[in-house]
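Structures given as structure tokens follow.
There are two complexes below, and they share subunit A, which is joined by subunit B in the first and by subunit C in the second.
Then we have the complex of A and B:
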């Protein structure tokens, strides 16, 4: 075992324990301990597991964006109130959008903010407000059986460990093929024009299908709502928490 | 811009994408609120998007970015349908709990029963109130139905 995989094991172990301490059915003190451990493992991962970028500015920007994205994602799955979950998920989405922008996908970054944070997240918030009268339900404060948190965190750690080891072998030995370094087409200044040109020439049929899919989803959502209103289990006047 | 930088960028983005996927997976397996489950599924999709964009840059091909665009489209459709279904389910059972639908389990699996439900903490904030003065107004029954928490 060399140094890199030793650091990787430490990071994964720390992250696993932190997730177990953070996930619901936990006390405030355990949650603080989990947050500290999580921060430590995140820091170790940024410094030791990730590869250094070309300049320190790029490095700093990437570290901040990655830390915000991952931290907000962990906070989203560990909050007991669903509204807080949605808000933290929104922060994680902003981090993801910034990561996409940093990697040269301008259109997708804007689309992520507009569609995910603007439309999907607001739909989630609407449904939370409509369906859950008090945000303090029992089932948000507990999980499944006692081992569910540890088992899920272990699965995630094994997944990440395998992926990282496979990647390390790829990245630290040799470059399988050299990317076109002089002028990456994906990073061309006329990004939107190139993207649109590709989209509406090569993928025209897919765009049509996607539009049809959106329409079908719209009609389906409305018809499900109408059908469920007619069902024998009529909606009660006021929902119990 | 050099080859090492591109490889390092791809490596780091793939790891961040994988972490997002893994965190979403943990949330999906552990949480019980239907809405939170769908948020976790969206988080997994975000992880995939980050990886695809990183590959698109490394291979210098638009395919990855276009696939991410279609992921966003499908996620929007999925969110619309899923939210409608969740709302219909919540109307029937008055809960957003996955456990309310455990009748759908296999015939040979025992029913799951909750144990050791923790005490609910008292609300942390006490809101300021005005001292009562003047004539007692008539009670508005409509206002009694409003919730004081979200």
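Then we have the complex of A and C:
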């Protein structure tokens, strides 16, 4: 185990403790400590993993976006009110979209905002609003004591560690970056048209299958709705003469 | 070079935001004046230059209104969710401004841009050459729904919540026909870039002539997305007091009201850019090439802004001419009328474009013929719709219709 992975382990351990403290609990004091620890672990990460970006401004923009994304994601899982969770999750999605845009993946970025933030999360918010939840959700009242939190934080830490190590190895192998980007057409001026061409020529079958799946889901949802409308308690749809 | 890019974008941003805020303020005055004209009144005509007796026909009214709102108490009721109550107006305003990052307000200036380094002329759009501009506008306008929902929910008030729910359902429902109306444009222009779409129209004819059905669908959906009068259910005064901003006052209310006008400007600008040729004006005032002098460049800005202004006047005329939809009518219009029309439009455009491409039908005569075909499909679709009448809703109770059938 060399110095870098030792450092990584320490940072991940710190982050894990921070996450454990941040997850919804009865007292607020521990959550402040958790927030501070989380910030500390992010800073330590920053010291270790400075990305090889072109300029100082690019570096700053990337780190601000990354910090906002991660911070919002942590806030999303540590809120007790569902509405706040949804709002923080939305901010996290916006951060992700900005990071994608930063990397030049315009379509993915816009699709993230339009599909996740614009459609799915709005639906969540809709449901949450209509349900008017007061206080804690049922799953928070069932107590597994601290085991569940610790297990969740541990899994998150392990996942992040593995990903970081894998990406680190990927970055160390000499990849000729410029030709790769040219091949991917990410930086091509008409990359949307090329993206569409790729999607509807190479991956046509997948697109069609996904479309059929969505259609089936749609029809299924409507049929379930119609059936639930004819539940025994409800009045019959047509009066018999 | 890096600083030049940032500086150029900043200057454009300042111009756009300043222009939009001022424009929105004067649009409020215009709307009040038009309301007065439609209703045979005089309208606001007192406020002029401050501290003098010069009235200027009421041109000082926006300033007076702004000051009044600024100095009013920004009251936070005791029962609201403080954080979200403040977040909602800010969020909705930011989203409304963000849409203008990709909306051009002219063509190009005959100045070599220092930013790009290639010596290309300065584009009159904050983020030039964005490949997904149309989708970006859609994504950002879907963020605006959050402001409405959160504002309605955080107010902790029945009317606000109902307004927020209505609004979000309406915005989500009309995003679909809006997208379908737009797909035809994307197919025909082969690009999602708004500047590129204008250039294509300058070369090959405005899309309002080539895709009439798409124009109808898009304009109706744009009215609904901007929540202008036939579709202003989110805040209908008679039923919901003020909808999702019932509980707001002072500065935060101003943000909501400003956003409404910004949404109208966005919708008008999109209609002009996508269907009415942008800065293009037939008759040689503005050509289609990028090589323009100062006169041409400024004329293009004037033409584009003038067209947007005219569309906004139409928006306001509609507001004072039509009554409001009932909620079920609104939804059946979206799902039973506009959605099928949008699909018909998309299919028509796809077939016509394929025909044009396969047989290489270039030139004005073929274009006119294809446009005539599109108009024919439009007429047939509208007639079929009138016959089928899917929008006619019989919402009397079940018992009444039954007894009517039995008696005769």
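Everything below uses one rule, namely that the second predicted complex is superposed on the first by the 187 of 241 C-alpha atoms of A that agree within 3 Å, B and C clash if a C-alpha of one lies under 4 Å from a C-alpha of the other, contacts with A are read in each partner's own complex, and residues count from 1 in each chain.
In this section, a residue touches a chain if its C-beta (ideal position, glycine included) is under 8 Å from a C-beta of that chain, and two chains touch if they have at least 3 such contacts.
These numbers were taken from a predicted model, which means no experiment stands behind them.
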{"item": "Partner chain(s) touched by A:152 [first = subunit B, second = subunit C, both, neither]", "value": "first"}
{"item": "Subunit B versus subunit C as contact partner of A:83, first or second or both or neither", "value": "both"}
{"item": "Touched partner set for A:119, first subunit B, second subunit C, both or neither", "value": "both"}
{"item": "Subunit B versus subunit C as contact partner of A:129, first or second or both or neither", "value": "both"}
{"item": "Subunit A residues touched - subunit C or subunit B, whichever exceeds", "value": "B"}
{"item": "Contacts of A:228 with subunit B and subunit C, given as first, second, both or neither", "value": "first"}
{"item": "Which superposed partner A:193 touches (first subunit B, second subunit C, both, neither)", "value": "second"}
{"item": "Common ground on subunit A, meaning residues reached by subunit C in one complex and by subunit B in the other", "value": "83, 107, 111, 119, 126, 129-130, 238-239"}
{"item": "Contact set on subunit A toward subunit C in their complex", "value": "55, 57, 83-84, 87, 90, 94, 106-107, 110-111, 113-114, 117-119, 122, 125-126, 129-130, 189-193, 238-239, 241"}
{"item": "Subunit A contact footprint on subunit B (complex, rising order)", "value": "1-16, 18-27, 29-33, 35-36, 38-40, 42-43, 46, 49-50, 53-54, 56-62, 65-66, 68-70, 72-81, 83-88, 90-92, 94-99, 112, 114, 116-118, 120, 145, 147, 149-150"}
{"item": "Interface residues, subunit A side, partner subunit B - complex", "value": "19, 23-25, 45, 49-54, 58, 62, 66, 69-70, 73-74, 76-77, 82-83, 85-86, 89, 92-93, 96, 99-100, 103-105, 107-108, 111-112, 115-116, 119-120, 123-124, 126-145, 148-149, 151-153, 155-157, 159-160, 163-164, 167-168, 170-171, 175, 178-181, 184-187, 194-195, 198-199, 203, 206, 210, 213-214, 216-218, 220-221, 224-225, 227-228, 231, 233, 235-236, 238-240"}
{"item": "Partner subunit A, residues of subunit C touching it in the complex", "value": "2, 81, 83-84, 87, 129-132, 135-136, 138-140, 142-143, 145-146, 149-150, 152-153, 161, 164-165, 168, 172, 190-192, 398-399, 402, 406"}
